[in-house]
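There are two complexes below, and they share subunit A, which is joined by subunit B in the first and by subunit C in the second.
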Partner chain A sequence: MNPAHHFRLQAIFREIFDQPALALTPELSPATLPEWDSVAMVQLVLATEQAFGVRFTMDEVAGLKSAGDFLTLLAAKAP
Partner chain B sequence: MSAPTPIPLLALHHTGLLVKDVAQAAAHYIEVLGYRIESEPIDDPGQTARVQFLRLPGATHWLELVAPLGPESKLANALTKGGGLHHLCYEVADIVAATAHFRAAGCMVVSEPVAAAAFPGRRIAWLMDRQRLLFELLEAGPGPLGLSTLRP
Partner chain C sequence: MNAALLQALDDRALAGVIAHLPAAVLDDVLAPVVAQRTSLDLAVVGALLARLPELTKRETWLAANSPWRGSLPGRWLLAQAWSGDRSRWPEALELWAELIEQSGRYAADALYERARVRRETGDLAGSVSDLISCAQRWPDYALLSKTARLLDRLVAKSAAVPGRKVRIGIVSSSTTELMPPLLRLLAARDGLVAEVYAAPFSMYRQELMDPASGLHQFKPDFIVVALHWRDAGLEPLGNAPDAADRVFGELEQLWAAAQRTSPCTILQHAFDFPAHDSAGLLSAREAGGRAQVLAEVNRRLFQARTPGVVIVDCPRLATQAGAEAWSDEALWHVAKQHPAAPSLPLLLDRYVRLIAARVGLAKKVLVLDLDNTLWSGVVGEDGPHGIKVGPPTAIGEAHAALQRYALELKNRGVLLAVCSKNNDADAREPFRSTLGMVLKEDDFALFVANWEEKPANLREIARRLNLGIDSLVFVDDNPLERAKVRRELPEVAVVELPADPAGYIGAIDRGGYFEALALSAEDLARNSAYQANASRDALKAEAGDVQGFLRRLDMRMHHGPFNDAVQDRVVQLLNKTNQFNVTTRRHGAAEVSALRADPAAWTQYFRLVDCFGDNGLIGLLIARPAETADSWEIDTLLMSCRVLGRQAEEFMIATLLAAAQERGIARVRGRYLPTAKNGMVADLFPRLGFVEESRTADGAATFVWDVRARVFPPVAFVRSAGA
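Our next item is the complex of A and B:
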């Protein structure tokens, strides 16, 4: 796991979910975080794209099921 | 990002305001700001929302009060952040084409066009643009709460 990616992604999750103490783990998902609904998902994607200067395809977005998926995708797109 | 198709003609239909209690909020906007009631409170299980439409005299769009329909509503979390201005809604002639256009233009589709209880026979879609503005598309058509009733 890229620590810089983890740190920046955690900041995004904290902002979107308004949880300053949220600890980002790869297992974090809509199943473990009830606030992670469809609107929050879009907010996460847009904020991540903006913060990392990347653009996700529709197929890539469809494959994002957890925080770990975000980190894996970022490792490939923003190494 | 440029879009491959012409920009759909958008007409502002309503501004959505997220509130805790529709009746309480409606009373405020009627008594304090002079709005008038334009619909009964409408429960939409599909959207997990209760909505009611108000309008200022002479205005050509509505104010939609939106409240969570029960504690499991998708809106309950948003309300914990304080509510307030929630979304803009635009009426469009072809909602499928408009949704495809905005997707191609870089907007994220939150939900594809589906039927909505507040607008019988018409569909709505939800999108978010790159500024993270949540907006709704509403299929134009006859019936109550259609812009054609306000803009002959």
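Our next item is the complex of A and C:
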């Protein structure tokens, strides 16, 4: 896991869910975080794309089921 | 790894490298680079922040007297780090206050960051005010959406947002979830406290028609009907002849039904156009083509004048946003969001401006600074002839364009005022004597030029015009003045001007401050520009033949000997005119001054005004005695190619020959000295009736006009208008 990616993604999650102490683990998912609904999902995708300067394909978005999936995708796409 | 190498990287490269540096070099190599770095890039700051925990000498770098305090990115890093440490909040707040002033294009980001800290410290009102200031600086979607979410959270903790309450319902065929927070924030920015109801996705017909729907129970003051091209239900080609009737008719029914239940104002989207169309041009060309039908529906929408219905001009917004930012197929398929997120600020901003206009909160006065706003330069130092406005410089053209834009606003009823730090006499002089000015003193309802602070002057302007301070829009190129006004008079709309004057109009226009829902009879009567436009169109239609065109151009030539007002432009023209220039003699400022002082020399500038406006200084003539006292030689004859074919050169020569005759000169000689670029004037003198005297092998030639024997024929379509 890229520590810089983890740090920046954690900041995005903290802001969107308004939880300043949220610890981003790869297991974090809509099942463990009740506020993670479909709107939050769109916000997460938009904010991540903007912050990392990447675009996700529809397939990739459909495959995002947990914070770990975000990190895996970023490892493949972001500098 | 070496610090100089890192320092040489640009911001983007540095941000990339930081993420991959080995932890061992962070303290000794990277941290000093931050202390020295002069440029600010938030990607670099973000990358550094991520590595902060790995620094071994973290305590030193994050101390109150940190070496990072000396650099802008260093201060950002400290402010970010301190903001996360409860014991450091007072220092963090101080640092953010500095950074808001220092961060240029990142000022909005700094405001957002401070709002977060203020919220943590319990200063909810301060936090709200920072978020509103952030929104005033036109952040992009990413920052604006963060800001909007934070404002919602503050309001949930019962923070007060100042302003007038409005209830806005949105119905749409797209998802609406992203809109309400942004709408609430932009409304707050403009003095409106919006309560927003977003109807469930694609339920717009039911919500509008059913008196018991959630929309109507919400009791909206405004309903936004946010439709787009897909909702018209049209095929690319072959739509029925009554397709426009059908689409428009259905909207009319929906409005009527909605207003029967909720007496409110409806904001109806005009239809945007699909970004991709299998029919291509045919879609617009063929009767029954989708683009043609949509355009017809839009035409009816704009002409409908249905009471209580205001049209949102989506095609124009889509153009402003750009096709990429407006239509995002992936976002549509994944989230049924249209237009795409990057365009939402623009679209929602338009809603807010139209709503503000409806409730009487539209701005009424455009307050303009002078130096480096209405013209380039400082009139108190450079003088009325040293400032740049209008042709020939590009920067002068940009300032003149701003003046024209302000004049157009004035012509439709917006008041103009000057607010300038200047001596009153200095400030007024350009309006009287500088060429290229578009605005005149009497275009301004108030002219305030003094050395008082601008907030005090703005209060005085509002008082004397008997208007609220919140009806002012303030335009000033100086960021410090803008900051002062923002701080002292948050009700005043302060336009965030870019560094380049080419963007001034865009910055004012984007604000939509003077959005009006209709043009009143009073506005119209005031507006003589309507008449001028009508006659210009007529002229174009009539101007079939060249003579007729020239006659109707109504050309007036202002001309006279070189003087202070034209000195700089004369020197400029002498040194840059290549094509219409018979001798290409490059005289400098000193030589021009000497010519002006020489009683035997004759100089003349020419400025052409026609029915379309001022063409600026377009021609120069210099003649002086040569060989005998009663002979003149044309030292310089040059003209701007913009006015070719307008008889301007005939007028210039006629003026010269008349002056020669008055002074008892017998002969006027003209020379053509060929260059690589001035071939277009090789036969100018013979064409004007001069007689060739001699010619050399390289093409240089001398021509003569016998002043006693011949008179230059009258120039039909250009008349003299004095100096």
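Assume the second predicted complex is superposed on the first by the 78 of 79 C-alpha atoms of A that agree within 3 Å, B and C clash if a C-alpha of one lies under 4 Å from a C-alpha of the other, contacts with A are read in each partner's own complex, and residues count from 1 in each chain.
Following the convention adopted for this analysis, a contact is a pair of C-beta atoms (placed from the backbone, for glycine too) under 8 Å apart; a residue touches a chain by one contact, two chains touch by 3 or more.
Worth saying up front: this structure is predicted, and the values here are computed from it rather than measured.
Ranked by how many residues of subunit A each touches, subunit B and subunit C are led by C.
In the superposed model, A:27 lies in contact with neither subunit B nor subunit C.
Shared-chain residue A:2: touches subunit C; no touch with subunit B. By the document's definition of touching, of the two partners only subunit B reaches A:35; subunit C does not.
In the superposed pair of complexes, A:18 makes contact with subunit B and with subunit C alike. Once chain A of one complex is fitted onto chain A of the other, the partner contacts of A:47 extend to both subunit B and subunit C.
Once the two complexes are overlaid on chain A, the subunit A residues touched by subunit B in the first and by subunit C in the second are 18, 38-39, 42-43, 45-47, 50, 58, 61.
On subunit A, the positions that touch subunit B within their shared complex are 18, 34-35, 37-40, 42-43, 45-47, 50, 58, 61.
Listed in rising order, the residues of subunit B touching subunit A in the complex are 74, 77-78, 81, 103, 108, 110-111, 126, 128, 130, 132, 134.
Interface residues of subunit C facing subunit A in the complex, by the touch rule stated above, are 16, 18-19, 46-47, 49-51, 141-142, 145-146, 149, 153, 175, 177-178, 330, 333-335, 337, 341. Here subunit A touches subunit C in the complex through residues 2-4, 7-8, 15-16, 18, 38-39, 42-43, 45-47, 50-51, 55, 57-58, 61-62, 79, going by the rule given at the top.
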